[in-house]
Amino acid sequence: MEITPAHYTVLSAALFTIGVIGVLVRRNIIIIFMAIELMLNAVNINLVAHAQQVENLVGQVFVVFVIAVAAAEAAVGLGIILAFYRNKETVNIDEMNVMRW
Amino acid sequence: MLDTVFWPLVKIVVLLNAVMISVTFMTLLERKVIAWAQSRLGPMRVGPYGVLQAFADPIKLMTKEDITPANADKMMFTLAPILSLVPAFVVFAVIPFGDDPLYYVADINVGLLFLISVTSIGVYGIILAGWASNSKYPLLAGLRASAQLISYEIAVTMTLVSVILTAGTLSMVEIVEAQRETGWWIGFIQPVAFVLVLIGGLAETNRAPFDMPEAEQELTGGFHTEYSGMRFGLFFLAEYANMIVISAVVVVLFWGGWLRPFPSVGALALLDYIPSWIWMFSKMFLVLYLFIWIRATLPRYRYDQLMRIGWKVLIPIAIANVVITAVVKVLL
Amino acid sequence: MAETIVFYTLSVLILGLAILVVTAKNAVHSVVALVMTFLCVAALYVVLEAEFLAVIQILVYAGGIVVLYLFVVMLVNLGRSPEEHQDPRRLSVFGLGLAGAMLLEVAGIVVYSYNRSASTVTAPAAASPVQGNTQELGWLLYTDYLIPFELASVLLLVAMVGAIVLAKRDL
Amino acid sequence: MATESAAMFDTDELVLNMGPQHPSTHGVLRLVLRLDGERVKDVDVVMGYVHRGIEKLSENRDWTQIILLTDRMDYVAAATNNLGYCETVEKLMEVEVPRRARYIRTILAELQRIASHCLWLGTHAMDIGAMTVFLYAFRERELILDLFEEYCGARLTYNSMRIGGLPLDLPSGWDDKARAFCDIMDSKVAEYEELLTNNRIWLERTRGIGVISGADAIALGLCGPPLRGSAVNRDVRKDEPYAAYDEFDFDIPIGTRGDTYDRYLIRLEEFRQSIRIIRQALDGLPEGPVMGKVPRLLKPKAGETYHAIESPKGELGYFIVSDGRATNPYRFRVRPPSFCNLQGLRPLVIGHLVADVVALIGTIDVVLGEVDR
Amino acid sequence: MDLIWLIPVLPGIGAALNGLLGIRYFSKPVAAAIACATMGGALLLSIFAFAQLLGAEHREHVVTLAHWIPPIPLQTVDGLGAFEAPWAFRLDPLSGMMILIVSGIGFLIHLYSSSYMDHEPRGGYVRFFCYLNLFCFFMLTLVLGSTFLVMFVGWEGVGLCSYLLIGFWYHKKSAADAGKKAFVVNRVGDFGFVLGVFLIFFTFGTIDFREVAEAASQMPVESAAFGVLSTICLLLFVGAVGKSAQIPLYVWLPDAMEGPTPVSALIHAATMVTAGVYMVGRNAVLFSHAPMVMTIVAVVGGVTALMAATIGLVQTDIKKVLAYSTVSQLGYMFLATGVGAFGAGAFHLMTHAFFKALLFLGSGSVIHAMNDEQDMQKMGNMKLYMPTTFITMFVGALAIAGVPGLSGFFSKDEILAKTFVASPWLWGLAVVTAGMTAFYMFRLIFMTFFGEYRGPKWGGDAEGQADGDHAAAADDHGHDGAHVWHGPHESPKLMTVPLMILAVGAAVAGYVGIPPIIGDFVGVGNAIEHFLEPSFVAESAALAEEGEHAVAHLSHVVEFGLMAFSVLIAGLGIALAYHLYVRRPKRAVELAENWAGAHRVLTNKYYVDEAYNSTVIKGTMGSARGLWAVDRNVVDGAVNGAGWLTRALSWVSHVLDKYVVDGLVNLAAWICAEGSYIFRRGQTGLIQNYAVATLFGVFACATAFLVVRFMG
């Protein structure tokens, strides 16, 4: 059976869903960040697969940008986590509610 | 099928064995060279002049009891040495040891980049070893080591960019070919880059004077304090394999790989009768000897000094080197 | 045939490891599973003839970003597991169901659309002056996408400054 | 970015136990370090692991037997310990020591100083990672041990002196061997200097590390090279000459900044000065007996005395009380230089990095046998 | 000569370097080297420029550096004039002589100071050289300035530097006060000067010296009426009086001795205080057209000379004696200019610069040797300890006393001769002053260098000698109070060499102005007068003719007689001093007791300071108090009334605001607060709940898409 972009898309959707579930279910914010990385990767798989299919490298170009954004997000996000951890001694997202009403 | 699967597999098997054997002899060489530097004899008991020491050591490591500390994370504790060994071996795939495809496993078009990226995986082994041991010294050493590796990786990668600019390709084989065509080894064009890669290589393989993570006097052995037996042996193997990789990279990138000296001088064509892989190995041997020599000579840097050198000296110089190379390249 | 085998193997690995990332009790195990996932994704890129991206995936993601995660996990040396405390108002189960429904819907859309238009649309790029995946990608980045590329570099610089400012204990 | 997080894994205070089984604490010293990241905030120095009660034992031994015990204090400089003890008892009994014996004692003490410094240099350099120097220094120490072996038969615990003089005269030809050793040592000191003195890494590891002012050093009771490193001119050999030191010409090196590098330079210079003293002593070696007039039964009259000499580690003092009736001391007390210098470790270490701790243990040059006694 | 602008700028650069960088970074030798090097450069340039000037055909050279003030239309007598001031420097014989004096003596004093100030801490040392260089910059600007305004920049600048340097030891209250006093008193004079410049512009429409002089020479001599020229001159003279410490504004100069001695030598003897004389000389044409003012100048000068000399007779502070001597000699110079002998005044200015700088530096050397002791009663027999200083100071004293053959003789004698022609009364005054000058100068010499040593004891001689090296070593290490005094000693070379050079200058400087009666014998003319002539005379034909006429009337016999008489008077003064202070020291004390009243008046300087205090200062303060009372009661009352009104109005507004406006706002807030309970429920603060909401949105969209696809 030939592998079509549809296969990749479904794989990507599944990976994305796992990421979404991680974001929604886990309470450790570091793991939530990792789930977000999974989601970004799902998107990347999609982009690369379709780039190959349409024989156009633009999709890959955008993967490069996604990776750059992911790096920036990880750096800043983890910086915030560390700063938060220093003040509150926790990384539980349920306890991060000081900005609530 | 034969060409795409069988022969590469054979080459891989041969290569892996060669690497492992050369690592054992590397340890012997190191002990001997340092012993001579320190006016003593080194191992003399096993075999003539201690030659068989190279086999005695691994046998000892393999037969020793393999202890897992009670509070260690068992899975990670086992995974860590494997994680540090695999990348060290994988990178051999793209190193060309001679001019014929026979002498290398693969010539991929992003070879150098592949090499850099796979090496960067090796850091996991060290961090996880430190963490999984569930002990203070290894954790401290593991964090130190990974910080050191990542810092120097930036410097080395930056420097390699200038080499890539000079050679105009990412393929290891083509880099050597480029040196043959111009007749100039890149080491002569990019001496600064060579020195940077050499220093960065020392740091990335945790060699003196950057052997902080394994500073026996300070951290009693570093991240592998809790390891024993063959799991310790795997770390050892990985470290020396990495040294060989660095030496091979330095030779390929800067000193013409398998090329004979003065590749453009026809009068020396006589030297071509010597097989290309002998050139390669003898150059690698010189680089490795230099590493050992440095270890015998220099004291150790302190951790903060080491990080300072990495971030405030090497990286700026590397960036400047890239910029200058780019400007020269554009102007020419 | 080979591609099929490789694809399914990798898919199973990716999804399995991803599930491990999300479910692992210990954050360090999560991180290791994440690295493995990324390596498998890189392998998938090779299958998709995107060698440069595969290498970048390993170099940046596996070798850089995830190391950062590992560091943070080790630094955040918790006395108690973050999963101990749970807010009663959270809607985890609802979210789980919703995510599952989403997956089904997307799969449905994909299957439906591909069944409808089996003919694939190709939009080959204008003839590139260079050959090879890396070179072509570079060409695109430095011509058509130069401004986004530079913006990305500025973004990274800002992120770097921001991370240092946030992480430094006393400024 | 990754290293930014790495550089700040100083999130909480870390208590690190260094020793007693640690490769670089030179024996069985235990340090409990309180770290802020890599920086030492406080340190507890725990010692006593090799306490053998030498002082108390001595109060139940014959005067001559005690010499043997003193060997076991600073076991890398046994002859110096012998010398200090013998001279103290001689002072108590007012015994005249023949000139030849005093000369030989000086030679032995200075050889011992070189040997001790060799050991120090080797281990200190080893701590900082320069392992080749370690083996070089031990090579030269071996030559001294050979000389001692030829003189008294032992290589570590010499038991090489007697109250009132020496047990033996020098073997024939010994002085030529000693001269030959001096020539060898001269070139070897230059070799050490070549490896370390201008080595960039060595400088970065030692210069400005463990700075202590002269006033602080005096207040802490430091002695020997750590004191002189802080620009305090104090050397018992010059200030209160003993043995035959007043007859020789030598200099006392003094530091300026009081850091580890200065202490290193001072000890290296002391190599040269010791060689100078040995050469002078060999050239001017007088003829005569090596044993003074001492009664068979040693029974000093009642009284107490304190006498100090300059051991390689610093001021080594003996305080002895005799009640005039027994053939053993009534009270025997040692002022060990290593013990006093160890007082300086805590102020030196605080504020430095973990990696500097080993360098600082090395720079004060303690021998735990002497600290614990 | 086009480089003359560099002459002032070089020390300016030195000052900037030392001031901006030096105080923080430079070591003492570096600072001193910079200061001395820039001054040396200025001196070389000055010599070069002067040599070129000597060789030039046309002895005037103007260099315009830049435009400073562009032409501004301003009202003048002749309608609108353009007020314009370029940065221009003028080199003519008068300014040529002045730059030589300023840069030459300035350079020597820089050298001297580098040793004299050595006890200062590094910061103070560098600061001192910064000020000193800055002073030289302004002084050279003053003398080189081509317009009144450029000159005024220098004029104010030297005033500032004088203030800074007098108050150099600002932690000492007396020094700080003296600085303030000098500054305030100078303000009075400067005010007159500024008014004079205004009037000049209003009258002539220009402020360039040459143009003013040319315009003035066209105007008639105001011998009968007190016209505009006289007014200008009087105002300018007020400025000169302030700067050059003449009656009634001389009071600041003696107090200025609180500054370091090199400062006293440079600023308060050799250069700055002569700026007044220079300015009057520079405007010779104006002054010669206002004979009434000239008379005032002469009288003020003469009376100042006499009065200061009398005060100087009894002072015991070595620097105060020299200070009053300076005031007195400045009076002499004004006397000379007042009688129209501008050349003689300038000549005396030059010789005075030499010997007075010498005397001050010598006294500095003595003070230095005596460990900062200034009271002559506590000195004595210093010639034993410091022969070089003694010899050089003795030469200086001889010169100032007017002993034949030395510089003071020539210049003073010329003034006397010219004065005799103008008015025998003033001549009498001047001769008496000359005698007093000789007396008090030699009183100083004898009290300081002869007789018995009366100073404090120090460690025994032998011990002192043995510790010499140690003391020197200690000096090298630190200057923070640990300086131990080992008795009077000769000063270091850096201090004595300038003394020697100045002594040679004081001895021979007079030979450029040999009076005609002697010059006729040896065939040498009065070189300096001839040289300076273009600066003074050319335009004022009328007066020059009159002067020539008068001098011609003076026969050689009379002139010789005058000369002999003044020498005799000086000799008498010296002899009297010798008698009273060497032969019979007790006699001096007896004299003081017998003439207690007069002595008290003189010691208290005629109670001038006290008089000023009770009149001028009290008056000023009283009127200030009155004005303050008016301000408080009337002006503040009006302001307070307005304030009260505002408050009353604002209270009304406040009530309105509180109950009406705030009520509305609070109502709106209350409504919001009550209403928000409904919406607040959704804000759980759980990020994941928000994410679920987002996901739900996506789900809805996807569902909608599917529905549309399948339905459509």
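General remarks:
As written, the chains take the letters A, B, C, D and E, and residue 1 is the first residue of each chain.
As a convention for this text, contacts are C-beta pairs under 8 Å (C-beta built on N, C-alpha and C of every residue); 3 or more make two chains touch, one makes a residue touch a chain.
All of these numbers come straight from a predicted model, not from anything done at the bench.
Path length between chain A and chain C in the touching-chain graph (shortest route): 1.
For the interfaces C-E and B-D, the C-beta contact count is higher for B-D. The distance from the centre of chain A to the centre of chain D, each centre being the mean of the chain's C-alpha atoms, comes to 64 Å. Separation between the centroids of chain B and chain E, computed from CA atoms only, is 77 Å.
If you average the CA atoms of chain D and of chain E, the two centres end up 69 Å from each other.
Shown for chain D are the residues in touch with two or more other chains, namely 1-2, 5-6, 8-9, 11. Within chain C, contacts with two or more other chains are made by residues 52, 56, 64, 67-68, 71-72, 74-75, 87, 90, 92, 95, 99, 102, 106, 133, 159-160, 163-164, 167, 169.
Each of residues 20, 24-25, 71, 75, 78, 82, 85-86, 93-94, 97 in chain A touches at least two other chains. Interface residues of chain C, counted against chain B in their complex, comprise 26, 28-29, 32, 35, 39, 51-52, 55-56, 58-59, 62-64, 67, 70-71, 74, 132-134. Per the touch definition, chain D reaches chain B in the complex via residues 2-3, 6-7, 9, 14, 16, 22-24, 38, 125-132, 134-136, 139, 195-196, 199, 201-202, 204-205, 353-358.
The touching residues of chain B, counted against chain C in their complex, run 73, 75-76, 79, 108-110, 113-114, 116-118, 120-121, 123-124, 127-128, 131, 139, 143, 146, 150, 153, 170.
The residues of chain C lying in touch with chain E in their complex are 87, 89-92, 94-95, 98-99, 101-102, 105-106, 108-109, 112.
On the chain A side of its complex with chain C, the touching residues are 1-11, 13-15, 17-22, 24-31, 33-35, 37-38, 41, 44-45, 48-49, 51-58, 60-61, 63-65, 67-76, 78-83, 85-86, 89-95, 97.
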